Amino acid sequence: DPPRIVKFETLDERIQRLLQEAVKARTASYSPYSNFKVGACVECVDGTLYGGCNVENASYPVGICAERCAYVKAISDGRRQMRSVAIVAQQEKHFTTPCGLCRQFMSEFGDAPVFLAKPDLRDVLVTSVSELLPLSFQINEDYSF
Amino acid sequence: DPPRIVKFETLDERIQRLLQEAVKARTASYSPYSNFKVGACVECVDGTLYGGCNVENASYPVGICAERCAYVKAISDGRRQMRSVAIVAQQEKHFTTPCGLCRQFMSEFGDAPVFLAKPDLRDVLVTSVSELLPLSFQINEDYSF
Amino acid sequence: DPPRIVKFETLDERIQRLLQEAVKARTASYSPYSNFKVGACVECVDGTLYGGCNVENASYPVGICAERCAYVKAISDGRRQMRSVAIVAQQEKHFTTPCGLCRQFMSEFGDAPVFLAKPDLRDVLVTSVSELLPLSFQINEDYSF
Amino acid sequence: DPPRIVKFETLDERIQRLLQEAVKARTASYSPYSNFKVGACVECVDGTLYGGCNVENASYPVGICAERCAYVKAISDGRRQMRSVAIVAQQEKHFTTPCGLCRQFMSEFGDAPVFLAKPDLRDVLVTSVSELLPLSFQINEDYSF
(Lines give C-alpha, C1' and ligand atoms only; values in the text may rest on other atoms or scores of the structure.)
Protein backbone atom coordinates (compact mmCIF):
# COMPACT_ATOMS: atom_id res chain seq x y z
CA ASP A 1 0.00 0.00 0.00
CA PRO A 2 1.16 3.54 -0.64
CA PRO A 3 1.33 5.94 2.32
CA ARG A 4 -2.15 6.78 3.59
CA ILE A 5 -3.74 8.78 6.39
CA VAL A 6 -6.14 7.03 8.78
CA LYS A 7 -7.94 7.91 11.99
CA PHE A 8 -6.31 6.77 15.24
CA GLU A 9 -9.51 5.01 16.38
CA THR A 10 -9.54 2.81 13.30
CA LEU A 11 -6.15 1.28 14.13
CA ASP A 12 -5.54 -2.00 15.97
CA GLU A 13 -5.40 -1.59 19.73
CA ARG A 14 -1.82 -2.87 19.50
CA ILE A 15 -0.87 0.02 17.23
CA GLN A 16 -2.82 2.53 19.30
CA ARG A 17 -0.78 1.45 22.32
CA LEU A 18 2.45 1.72 20.30
CA LEU A 19 1.63 5.32 19.44
CA GLN A 20 0.76 6.11 23.05
CA GLU A 21 4.08 4.66 24.16
CA ALA A 22 5.83 6.90 21.61
CA VAL A 23 4.07 9.89 23.21
CA LYS A 24 5.28 8.76 26.63
CA ALA A 25 8.85 8.16 25.42
CA ARG A 26 8.85 11.68 23.99
CA THR A 27 8.63 13.25 27.44
CA ALA A 28 12.26 12.26 28.15
CA SER A 29 13.53 14.05 25.02
CA TYR A 30 16.82 15.86 25.54
CA SER A 31 16.59 18.60 22.93
CA PRO A 32 17.88 21.91 24.29
CA TYR A 33 19.29 22.95 20.89
CA SER A 34 16.31 22.45 18.59
CA ASN A 35 13.50 22.56 21.17
CA PHE A 36 12.00 19.85 18.99
CA LYS A 37 10.87 16.83 20.98
CA VAL A 38 10.44 13.47 19.27
CA GLY A 39 9.32 10.13 20.65
CA ALA A 40 9.36 6.71 19.04
CA CYS A 41 8.36 3.22 20.00
CA VAL A 42 9.34 0.01 18.27
CA GLU A 43 7.54 -3.30 18.65
CA CYS A 44 9.70 -6.37 18.14
CA VAL A 45 8.36 -9.54 16.53
CA ASP A 46 8.01 -11.11 19.98
CA GLY A 47 5.77 -8.27 21.11
CA THR A 48 8.19 -6.40 23.39
CA LEU A 49 8.13 -2.61 23.14
CA TYR A 50 11.05 -0.17 23.35
CA GLY A 51 10.48 3.59 23.56
CA GLY A 52 13.06 6.16 22.55
CA CYS A 53 13.52 9.92 22.36
CA ASN A 54 15.90 12.26 20.59
CA VAL A 55 19.14 13.04 22.44
CA GLU A 56 20.90 16.14 21.14
CA ASN A 57 24.46 17.38 21.55
CA ALA A 58 26.18 20.77 21.58
CA SER A 59 27.89 19.49 18.44
CA TYR A 60 24.75 18.93 16.38
CA PRO A 61 26.07 16.02 14.23
CA VAL A 62 26.66 13.99 17.38
CA GLY A 63 23.00 13.76 18.42
CA ILE A 64 20.83 10.64 18.10
CA CYS A 65 17.22 10.69 16.86
CA ALA A 66 14.31 9.06 18.70
CA GLU A 67 13.95 6.25 16.16
CA ARG A 68 17.56 5.12 16.53
CA CYS A 69 17.31 5.44 20.30
CA ALA A 70 14.34 3.05 20.36
CA TYR A 71 16.06 0.64 17.97
CA VAL A 72 19.35 0.38 19.89
CA LYS A 73 17.39 -0.35 23.04
CA ALA A 74 15.74 -3.30 21.28
CA ILE A 75 18.96 -4.49 19.63
CA SER A 76 21.01 -4.28 22.84
CA ASP A 77 18.30 -6.37 24.47
CA GLY A 78 18.88 -9.09 21.89
CA ARG A 79 16.08 -8.23 19.44
CA ARG A 80 16.86 -8.29 15.73
CA GLN A 81 13.56 -8.12 13.88
CA MET A 82 10.95 -5.40 14.27
CA ARG A 83 7.22 -5.72 13.73
CA SER A 84 6.10 -2.08 13.77
CA VAL A 85 7.33 1.42 14.54
CA ALA A 86 5.49 4.50 15.86
CA ILE A 87 6.84 8.05 15.80
CA VAL A 88 5.34 11.18 17.37
CA ALA A 89 7.04 14.53 16.97
CA GLN A 90 6.28 18.13 17.74
CA GLN A 91 4.74 19.64 14.63
CA GLU A 92 1.03 20.14 15.22
CA LYS A 93 -0.17 20.64 11.66
CA HIS A 94 2.36 18.59 9.68
CA PHE A 95 3.43 14.98 9.88
CA THR A 96 7.07 14.62 10.86
CA THR A 97 8.73 11.76 9.01
CA PRO A 98 11.97 10.00 9.99
CA CYS A 99 15.19 11.46 8.59
CA GLY A 100 17.17 9.51 6.01
CA LEU A 101 19.79 8.52 8.56
CA CYS A 102 17.15 6.79 10.70
CA ARG A 103 15.58 5.16 7.65
CA GLN A 104 18.97 3.64 6.86
CA PHE A 105 19.40 2.52 10.46
CA MET A 106 15.95 0.91 10.60
CA SER A 107 16.33 -0.84 7.25
CA GLU A 108 19.12 -2.98 8.72
CA PHE A 109 16.52 -4.75 10.86
CA GLY A 110 13.88 -5.62 8.35
CA ASP A 111 10.87 -4.00 6.80
CA ALA A 112 8.07 -2.90 9.13
CA PRO A 113 5.01 -0.67 8.97
CA VAL A 114 5.68 2.84 10.29
CA PHE A 115 2.96 4.91 12.00
CA LEU A 116 3.50 8.67 12.17
CA ALA A 117 1.35 10.97 14.29
CA LYS A 118 1.16 14.54 15.54
CA PRO A 119 1.01 15.11 19.30
CA ASP A 120 -2.80 15.06 19.28
CA LEU A 121 -2.86 11.44 18.01
CA ARG A 122 -5.84 12.07 15.73
CA ASP A 123 -4.64 11.40 12.20
CA VAL A 124 -1.98 8.78 11.56
CA LEU A 125 0.19 8.57 8.45
CA VAL A 126 0.81 4.90 7.68
CA THR A 127 3.85 3.98 5.66
CA SER A 128 6.74 1.50 6.02
CA VAL A 129 10.51 1.28 6.24
CA SER A 130 10.78 0.02 2.67
CA GLU A 131 8.47 2.71 1.31
CA LEU A 132 10.57 5.35 3.10
CA LEU A 133 13.82 3.96 1.68
CA PRO A 134 13.19 2.70 -1.86
CA LEU A 135 16.11 1.17 -3.76
CA SER A 136 17.83 0.71 -0.42
CA PHE A 137 21.61 0.59 -0.16
CA GLN A 138 22.80 -3.00 -0.23
CA ILE A 139 26.10 -4.78 -0.63
CA ASN A 140 25.45 -8.08 -2.37
CA GLU A 141 28.99 -8.86 -3.43
CA ASP A 142 31.89 -9.75 -1.18
CA TYR A 143 34.64 -7.15 -0.78
CA SER A 144 36.10 -8.21 2.56
CA PHE A 145 39.41 -9.37 1.15
CA ASP B 1 9.60 9.12 -13.96
CA PRO B 2 10.17 6.05 -11.84
CA PRO B 3 13.73 4.67 -11.59
CA ARG B 4 14.83 3.19 -14.92
CA ILE B 5 17.92 1.61 -16.41
CA VAL B 6 19.45 3.11 -19.55
CA LYS B 7 22.58 2.59 -21.61
CA PHE B 8 25.50 4.96 -20.95
CA GLU B 9 25.75 5.91 -24.65
CA THR B 10 22.15 7.15 -24.69
CA LEU B 11 22.83 9.77 -22.01
CA ASP B 12 23.65 13.44 -22.60
CA GLU B 13 27.38 14.10 -23.00
CA ARG B 14 27.13 16.26 -19.89
CA ILE B 15 25.90 13.29 -17.84
CA GLN B 16 28.43 10.94 -19.44
CA ARG B 17 31.17 13.30 -18.30
CA LEU B 18 29.66 13.50 -14.81
CA LEU B 19 29.83 9.72 -14.52
CA GLN B 20 33.41 9.67 -15.79
CA GLU B 21 34.35 12.27 -13.18
CA ALA B 22 32.78 10.06 -10.50
CA VAL B 23 35.00 7.21 -11.70
CA LYS B 24 38.03 9.48 -11.43
CA ALA B 25 37.06 10.77 -7.98
CA ARG B 26 36.73 7.17 -6.81
CA THR B 27 40.46 6.55 -7.24
CA ALA B 28 41.20 8.71 -4.17
CA SER B 29 38.87 6.64 -1.95
CA TYR B 30 40.24 6.08 1.55
CA SER B 31 38.53 2.82 2.50
CA PRO B 32 40.93 0.50 4.33
CA TYR B 33 38.15 -0.91 6.53
CA SER B 34 35.53 -1.92 3.99
CA ASN B 35 37.74 -2.18 0.89
CA PHE B 36 34.72 -0.70 -0.85
CA LYS B 37 35.61 2.26 -3.06
CA VAL B 38 32.94 4.78 -4.02
CA GLY B 39 33.16 7.88 -6.18
CA ALA B 40 30.61 10.63 -6.73
CA CYS B 41 30.39 13.78 -8.76
CA VAL B 42 27.90 16.59 -8.34
CA GLU B 43 27.11 19.20 -10.96
CA CYS B 44 25.92 22.53 -9.61
CA VAL B 45 23.31 24.63 -11.40
CA ASP B 46 26.09 26.88 -12.75
CA GLY B 47 27.79 23.88 -14.36
CA THR B 48 30.74 23.47 -11.99
CA LEU B 49 31.63 19.88 -11.01
CA TYR B 50 32.84 18.55 -7.66
CA GLY B 51 34.09 14.98 -7.27
CA GLY B 52 34.14 13.11 -3.97
CA CYS B 53 35.13 9.75 -2.55
CA ASN B 54 34.37 7.85 0.63
CA VAL B 55 36.67 8.56 3.59
CA GLU B 56 36.52 5.89 6.29
CA ASN B 57 37.63 5.91 9.91
CA ALA B 58 38.84 3.32 12.42
CA SER B 59 35.63 4.19 14.26
CA TYR B 60 33.21 3.25 11.50
CA PRO B 61 30.44 5.76 12.38
CA VAL B 62 32.88 8.62 11.87
CA GLY B 63 33.43 8.02 8.15
CA ILE B 64 32.00 10.16 5.34
CA CYS B 65 30.49 8.73 2.15
CA ALA B 66 31.46 9.83 -1.37
CA GLU B 67 28.19 11.66 -1.98
CA ARG B 68 28.56 13.87 1.10
CA CYS B 69 32.21 14.47 0.27
CA ALA B 70 31.27 15.80 -3.17
CA TYR B 71 28.46 17.91 -1.74
CA VAL B 72 30.53 19.62 0.98
CA LYS B 73 33.12 20.51 -1.63
CA ALA B 74 30.40 22.29 -3.63
CA ILE B 75 28.80 23.91 -0.58
CA SER B 76 32.11 25.15 0.84
CA ASP B 77 32.77 26.71 -2.56
CA GLY B 78 29.57 28.71 -2.23
CA ARG B 79 27.23 26.48 -4.24
CA ARG B 80 23.76 25.79 -2.87
CA GLN B 81 21.72 24.18 -5.63
CA MET B 82 22.65 21.01 -7.48
CA ARG B 83 21.68 20.06 -11.02
CA SER B 84 22.68 16.39 -11.13
CA VAL B 85 24.57 13.74 -9.23
CA ALA B 86 26.56 10.70 -10.42
CA ILE B 87 27.69 7.82 -8.21
CA VAL B 88 29.96 4.90 -9.12
CA ALA B 89 30.74 2.19 -6.58
CA GLN B 90 32.47 -1.14 -6.52
CA GLN B 91 29.80 -3.77 -7.05
CA GLU B 92 30.14 -5.18 -10.55
CA LYS B 93 26.79 -6.90 -10.93
CA HIS B 94 24.56 -4.78 -8.70
CA PHE B 95 23.77 -1.09 -8.63
CA THR B 96 24.97 0.56 -5.44
CA THR B 97 22.52 3.21 -4.25
CA PRO B 98 23.25 6.05 -1.79
CA CYS B 99 22.66 5.30 1.88
CA GLY B 100 19.83 7.01 3.73
CA LEU B 101 22.22 9.36 5.51
CA CYS B 102 23.47 10.71 2.19
CA ARG B 103 19.94 10.97 0.80
CA GLN B 104 19.08 13.17 3.77
CA PHE B 105 22.21 15.25 3.25
CA MET B 106 21.53 15.74 -0.46
CA SER B 107 17.87 16.60 0.04
CA GLU B 108 18.90 19.78 1.89
CA PHE B 109 20.15 21.19 -1.41
CA GLY B 110 17.23 20.56 -3.69
CA ASP B 111 15.96 17.77 -5.87
CA ALA B 112 18.23 16.55 -8.66
CA PRO B 113 18.44 13.55 -10.97
CA VAL B 114 20.80 10.85 -9.67
CA PHE B 115 22.77 8.59 -12.03
CA LEU B 116 24.09 5.32 -10.59
CA ALA B 117 26.58 3.12 -12.42
CA LYS B 118 28.79 0.10 -11.90
CA PRO B 119 32.55 0.49 -12.58
CA ASP B 120 32.13 -0.61 -16.22
CA LEU B 121 29.85 2.38 -16.97
CA ARG B 122 27.56 0.34 -19.23
CA ASP B 123 24.13 0.42 -17.64
CA VAL B 124 23.01 3.45 -15.66
CA LEU B 125 20.21 3.49 -13.10
CA VAL B 126 18.44 6.85 -13.32
CA THR B 127 16.56 8.08 -10.29
CA SER B 128 16.44 11.31 -8.24
CA VAL B 129 16.96 12.67 -4.76
CA SER B 130 13.22 12.99 -4.18
CA GLU B 131 12.50 9.49 -5.46
CA LEU B 132 15.18 8.15 -3.10
CA LEU B 133 13.75 10.01 -0.12
CA PRO B 134 9.95 10.10 -0.41
CA LEU B 135 7.98 11.87 2.30
CA SER B 136 11.17 13.66 3.23
CA PHE B 137 11.76 14.96 6.75
CA GLN B 138 10.76 18.60 6.97
CA ILE B 139 10.18 21.11 9.73
CA ASN B 140 7.49 23.51 8.55
CA GLU B 141 6.57 25.00 11.89
CA ASP B 142 8.72 27.26 14.03
CA TYR B 143 10.16 25.79 17.23
CA SER B 144 13.18 28.03 17.70
CA PHE B 145 11.85 29.74 20.81
CA ASP C 1 44.58 11.79 38.40
CA PRO C 2 46.11 10.91 35.06
CA PRO C 3 45.06 7.63 33.40
CA ARG C 4 46.36 4.64 35.35
CA ILE C 5 46.11 0.87 35.20
CA VAL C 6 44.81 -1.03 38.21
CA LYS C 7 43.87 -4.60 39.02
CA PHE C 8 40.18 -5.50 38.80
CA GLU C 9 40.17 -6.91 42.36
CA THR C 10 41.32 -3.60 43.79
CA LEU C 11 38.26 -1.75 42.47
CA ASP C 12 35.08 -1.01 44.43
CA GLU C 13 32.49 -3.77 44.18
CA ARG C 14 30.21 -1.23 42.54
CA ILE C 15 32.74 -0.70 39.72
CA GLN C 16 33.46 -4.43 39.45
CA ARG C 17 29.76 -4.99 38.87
CA LEU C 18 29.66 -2.17 36.30
CA LEU C 19 32.43 -3.87 34.33
CA GLN C 20 30.67 -7.23 34.56
CA GLU C 21 27.49 -5.64 33.24
CA ALA C 22 29.48 -4.23 30.32
CA VAL C 23 30.67 -7.76 29.56
CA LYS C 24 27.06 -8.97 29.62
CA ALA C 25 25.82 -6.10 27.44
CA ARG C 26 28.53 -6.95 24.92
CA THR C 27 26.93 -10.30 24.13
CA ALA C 28 24.09 -8.55 22.26
CA SER C 29 26.53 -6.68 19.99
CA TYR C 30 25.33 -6.44 16.38
CA SER C 31 28.62 -6.16 14.52
CA PRO C 32 28.58 -8.25 11.34
CA TYR C 33 30.76 -5.74 9.47
CA SER C 34 33.71 -5.29 11.84
CA ASN C 35 33.37 -8.51 13.86
CA PHE C 36 34.41 -6.27 16.74
CA LYS C 37 32.09 -6.61 19.75
CA VAL C 38 31.93 -3.83 22.33
CA GLY C 39 29.91 -3.57 25.53
CA ALA C 40 29.41 -0.61 27.83
CA CYS C 41 27.55 0.07 31.03
CA VAL C 42 26.75 3.45 32.51
CA GLU C 43 25.83 4.07 36.13
CA CYS C 44 23.62 7.10 36.72
CA VAL C 45 23.93 9.28 39.82
CA ASP C 46 20.90 7.52 41.31
CA GLY C 47 22.60 4.14 40.96
CA THR C 48 20.63 2.71 38.04
CA LEU C 49 22.65 0.85 35.39
CA TYR C 50 22.18 0.80 31.62
CA GLY C 51 24.12 -1.59 29.41
CA GLY C 52 24.76 -1.02 25.72
CA CYS C 53 26.45 -2.65 22.76
CA ASN C 54 27.62 -1.50 19.35
CA VAL C 55 25.02 -1.66 16.56
CA GLU C 56 26.51 -1.54 13.08
CA ASN C 57 24.99 -0.79 9.70
CA ALA C 58 25.70 -1.78 6.10
CA SER C 59 26.47 1.92 5.65
CA TYR C 60 29.28 2.16 8.20
CA PRO C 61 28.74 5.82 9.20
CA VAL C 62 25.21 4.97 10.33
CA GLY C 63 26.24 2.61 13.14
CA ILE C 64 26.09 3.45 16.85
CA CYS C 65 28.84 2.57 19.35
CA ALA C 66 28.25 0.75 22.65
CA GLU C 67 28.90 3.85 24.76
CA ARG C 68 26.24 5.91 23.00
CA CYS C 69 23.84 2.99 23.11
CA ALA C 70 24.18 2.78 26.90
CA TYR C 71 23.84 6.55 27.26
CA VAL C 72 20.66 6.93 25.19
CA LYS C 73 19.07 4.17 27.23
CA ALA C 74 19.75 6.17 30.39
CA ILE C 75 18.71 9.50 28.86
CA SER C 76 15.49 8.12 27.39
CA ASP C 77 14.70 6.79 30.86
CA GLY C 78 14.94 10.32 32.23
CA ARG C 79 18.51 10.24 33.53
CA ARG C 80 20.75 13.24 32.86
CA GLN C 81 23.84 12.86 35.02
CA MET C 82 26.20 9.89 34.98
CA ARG C 83 28.34 8.63 37.85
CA SER C 84 30.64 6.17 36.09
CA VAL C 85 31.13 4.36 32.80
CA ALA C 86 32.60 0.93 32.01
CA ILE C 87 33.64 -0.27 28.55
CA VAL C 88 34.80 -3.74 27.50
CA ALA C 89 35.84 -4.44 23.93
CA GLN C 90 37.39 -7.24 21.98
CA GLN C 91 41.12 -6.58 21.91
CA GLU C 92 42.84 -9.05 24.24
CA LYS C 93 46.23 -7.40 24.57
CA HIS C 94 45.37 -3.72 24.13
CA PHE C 95 42.95 -1.42 25.90
CA THR C 96 40.22 -0.17 23.58
CA THR C 97 39.31 3.43 24.33
CA PRO C 98 36.10 5.23 23.29
CA CYS C 99 36.15 6.98 19.91
CA GLY C 100 36.04 10.77 19.78
CA LEU C 101 32.40 10.76 18.69
CA CYS C 102 31.40 8.92 21.88
CA ARG C 103 33.60 11.16 24.01
CA GLN C 104 31.71 14.14 22.63
CA PHE C 105 28.37 12.42 23.26
CA MET C 106 29.27 11.52 26.85
CA SER C 107 30.64 14.97 27.66
CA GLU C 108 27.14 16.41 27.23
CA PHE C 109 26.08 14.61 30.41
CA GLY C 110 28.83 15.56 32.80
CA ASP C 111 32.24 14.34 33.74
CA ALA C 112 32.53 10.80 35.08
CA PRO C 113 35.28 8.25 35.67
CA VAL C 114 35.67 5.78 32.80
CA PHE C 115 36.84 2.20 33.37
CA LEU C 116 38.25 0.34 30.36
CA ALA C 117 38.93 -3.39 30.37
CA LYS C 118 39.85 -6.24 28.05
CA PRO C 119 37.53 -9.27 27.91
CA ASP C 120 39.47 -11.05 30.67
CA LEU C 121 38.69 -8.27 33.18
CA ARG C 122 42.15 -8.42 34.78
CA ASP C 123 43.71 -5.02 34.26
CA VAL C 124 41.54 -1.92 34.16
CA LEU C 125 42.54 1.41 32.63
CA VAL C 126 41.02 4.19 34.73
CA THR C 127 40.45 7.56 33.10
CA SER C 128 37.53 10.01 32.81
CA VAL C 129 35.34 11.76 30.28
CA SER C 130 37.14 15.08 30.82
CA GLU C 131 40.59 13.49 30.53
CA LEU C 132 39.50 11.84 27.27
CA LEU C 133 38.18 15.13 25.86
CA PRO C 134 40.41 17.98 27.05
CA LEU C 135 39.54 21.53 25.98
CA SER C 136 36.07 20.25 25.21
CA PHE C 137 33.88 21.93 22.60
CA GLN C 138 31.59 24.44 24.28
CA ILE C 139 29.33 27.24 23.15
CA ASN C 140 29.32 29.89 25.86
CA GLU C 141 27.86 32.73 23.84
CA ASP C 142 24.35 33.00 22.51
CA TYR C 143 23.88 32.65 18.75
CA SER C 144 20.24 31.58 18.60
CA PHE C 145 19.00 34.77 16.99
CA ASP D 1 53.96 21.33 24.63
CA PRO D 2 50.68 21.73 26.46
CA PRO D 3 48.02 24.00 24.90
CA ARG D 4 49.12 27.64 25.02
CA ILE D 5 47.82 31.00 23.84
CA VAL D 6 50.00 33.13 21.58
CA LYS D 7 49.61 36.34 19.63
CA PHE D 8 48.78 36.04 15.93
CA GLU D 9 51.75 38.23 14.94
CA THR D 10 54.21 35.89 16.63
CA LEU D 11 53.20 32.96 14.41
CA ASP D 12 54.96 31.84 11.24
CA GLU D 13 53.66 33.54 8.10
CA ARG D 14 52.63 30.11 6.90
CA ILE D 15 50.35 29.66 9.93
CA GLN D 16 49.06 33.22 9.70
CA ARG D 17 48.00 32.51 6.15
CA LEU D 18 46.37 29.23 7.22
CA LEU D 19 44.26 31.10 9.78
CA GLN D 20 43.32 33.74 7.19
CA GLU D 21 42.23 31.00 4.81
CA ALA D 22 40.06 29.52 7.59
CA VAL D 23 38.40 32.93 7.94
CA LYS D 24 37.75 33.00 4.20
CA ALA D 25 36.41 29.44 4.14
CA ARG D 26 34.04 30.37 6.94
CA THR D 27 32.13 32.78 4.70
CA ALA D 28 30.60 29.84 2.79
CA SER D 29 29.22 28.27 5.99
CA TYR D 30 25.75 26.76 5.55
CA SER D 31 24.39 27.00 9.09
CA PRO D 32 20.74 28.09 9.07
CA TYR D 33 19.92 25.96 12.12
CA SER D 34 22.59 27.02 14.62
CA ASN D 35 23.53 30.39 13.10
CA PHE D 36 27.03 29.39 14.14
CA LYS D 37 29.56 29.79 11.33
CA VAL D 38 32.82 27.84 11.43
CA GLY D 39 35.74 27.82 9.02
CA ALA D 40 38.75 25.55 8.88
CA CYS D 41 41.82 25.18 6.74
CA VAL D 42 44.15 22.22 6.58
CA GLU D 43 47.68 22.30 5.20
CA CYS D 44 48.93 19.01 3.77
CA VAL D 45 52.54 17.90 4.08
CA ASP D 46 53.14 19.00 0.48
CA GLY D 47 51.98 22.51 1.30
CA THR D 48 48.59 22.50 -0.42
CA LEU D 49 45.72 24.14 1.49
CA TYR D 50 42.07 23.08 1.70
CA GLY D 51 39.44 25.28 3.33
CA GLY D 52 36.17 23.99 4.73
CA CYS D 53 33.04 25.23 6.45
CA ASN D 54 30.25 23.65 8.46
CA VAL D 55 27.31 22.32 6.44
CA GLU D 56 24.19 21.76 8.51
CA ASN D 57 21.05 19.76 7.86
CA ALA D 58 17.40 19.94 8.92
CA SER D 59 18.14 16.65 10.68
CA TYR D 60 20.91 17.92 12.96
CA PRO D 61 22.90 14.64 13.19
CA VAL D 62 23.38 14.68 9.43
CA GLY D 63 25.45 17.87 9.31
CA ILE D 64 29.20 18.01 8.71
CA CYS D 65 31.59 20.27 10.66
CA ALA D 66 34.12 22.62 9.06
CA GLU D 67 37.11 20.50 10.09
CA ARG D 68 35.79 17.36 8.41
CA CYS D 69 34.79 19.37 5.35
CA ALA D 70 38.37 20.63 4.94
CA TYR D 71 39.79 17.17 5.53
CA VAL D 72 37.62 15.34 2.97
CA LYS D 73 38.59 17.94 0.38
CA ALA D 74 42.24 17.10 1.00
CA ILE D 75 41.68 13.34 1.12
CA SER D 76 39.56 13.29 -2.03
CA ASP D 77 42.39 15.16 -3.73
CA GLY D 78 44.75 12.32 -2.85
CA ARG D 79 46.32 13.80 0.30
CA ARG D 80 46.80 11.52 3.31
CA GLN D 81 49.03 13.33 5.77
CA MET D 82 48.35 16.76 7.25
CA ARG D 83 50.92 19.28 8.46
CA SER D 84 48.73 21.78 10.33
CA VAL D 85 45.12 22.76 10.91
CA ALA D 86 43.49 26.14 11.57
CA ILE D 87 39.95 26.67 12.87
CA VAL D 88 38.05 29.93 13.27
CA ALA D 89 34.54 29.96 14.70
CA GLN D 90 32.01 32.50 15.82
CA GLN D 91 32.51 32.97 19.54
CA GLU D 92 34.15 36.35 20.12
CA LYS D 93 35.28 35.93 23.71
CA HIS D 94 35.87 32.17 23.92
CA PHE D 95 37.99 29.80 21.90
CA THR D 96 35.90 27.25 20.02
CA THR D 97 37.59 23.85 19.95
CA PRO D 98 36.82 20.99 17.54
CA CYS D 99 34.14 18.52 18.64
CA GLY D 100 35.12 14.96 19.53
CA LEU D 101 33.73 13.62 16.26
CA CYS D 102 36.11 15.84 14.28
CA ARG D 103 39.01 14.97 16.55
CA GLN D 104 38.39 11.31 15.76
CA PHE D 105 38.16 12.08 12.05
CA MET D 106 41.40 14.08 12.03
CA SER D 107 43.33 11.52 14.08
CA GLU D 108 43.00 9.05 11.19
CA PHE D 109 45.39 11.21 9.17
CA GLY D 110 48.20 11.74 11.61
CA ASP D 111 49.07 14.14 14.37
CA ALA D 112 49.34 17.83 13.49
CA PRO D 113 49.41 21.13 15.36
CA VAL D 114 45.98 22.79 15.60
CA PHE D 115 45.58 26.57 15.69
CA LEU D 116 42.31 27.92 17.09
CA ALA D 117 41.28 31.56 16.78
CA LYS D 118 38.32 33.86 17.34
CA PRO D 119 37.08 35.92 14.37
CA ASP D 120 39.35 38.86 15.29
CA LEU D 121 42.48 36.69 14.80
CA ARG D 122 44.28 38.26 17.76
CA ASP D 123 44.96 35.46 20.22
CA VAL D 124 45.56 31.94 18.97
CA LEU D 125 45.19 28.79 21.04
CA VAL D 126 47.87 26.31 19.94
CA THR D 127 47.26 22.62 20.54
CA SER D 128 47.43 19.44 18.45
CA VAL D 129 45.32 16.52 17.26
CA SER D 130 46.99 14.15 19.74
CA GLU D 131 46.58 16.55 22.65
CA LEU D 132 42.90 16.91 21.77
CA LEU D 133 42.39 13.14 21.61
CA PRO D 134 44.59 11.49 24.25
CA LEU D 135 44.53 7.70 24.53
CA SER D 136 43.09 7.65 21.03
CA PHE D 137 40.89 4.79 19.84
CA GLN D 138 43.00 2.23 18.01
CA ILE D 139 42.55 -1.32 16.79
CA ASN D 140 45.91 -3.05 16.97
CA GLU D 141 44.70 -6.63 16.69
CA ASP D 142 43.17 -8.25 13.65
CA TYR D 143 39.43 -9.04 13.80
CA SER D 144 38.60 -9.15 10.12
CA PHE D 145 37.90 -12.86 9.98
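Labels for the chains are A, B, C and D, by order of writing; each one numbers its residues from 1.
Throughout what follows, a contact is a pair of C-beta atoms (placed from the backbone, for glycine too) under 8 Å apart; a residue touches a chain by one contact, two chains touch by 3 or more.
Treat the numbers as computed from the prediction; the structure is a model and nothing was measured.
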item: Farthest-lying chain, centroid of Cα atoms versus that of subunit D; value: A
item: Rounded Å distance, subunit C centre to subunit D centre (Cα mean); value: 25
item: Geometric centre distance via CA averages, subunit D-subunit A, whole Å; value: 34
item: Per-residue overlap in subunit C, given as positions that touch at least 2 other chains; value: 34, 56, 58-59, 62, 64, 99-101, 104-105, 137-139, 144
item: Graph class of chain-chain contacts, one of line, ring, star, complete, other; value: complete
item: Residue numbers on subunit D that touch subunit B, as the complex places them; value: 25, 28, 30, 51-53, 55-59, 62, 64, 68-73, 75-78, 80, 101, 104-105, 108, 137-139
item: Subunit D to subunit C touching residues, read off their complex; value: 3, 34-36, 90-105, 107, 125, 127, 131-141, 143-145
item: Residues of subunit D that touch subunit A when the two form their complex; value: 33-34, 56, 58-65, 99-101, 144
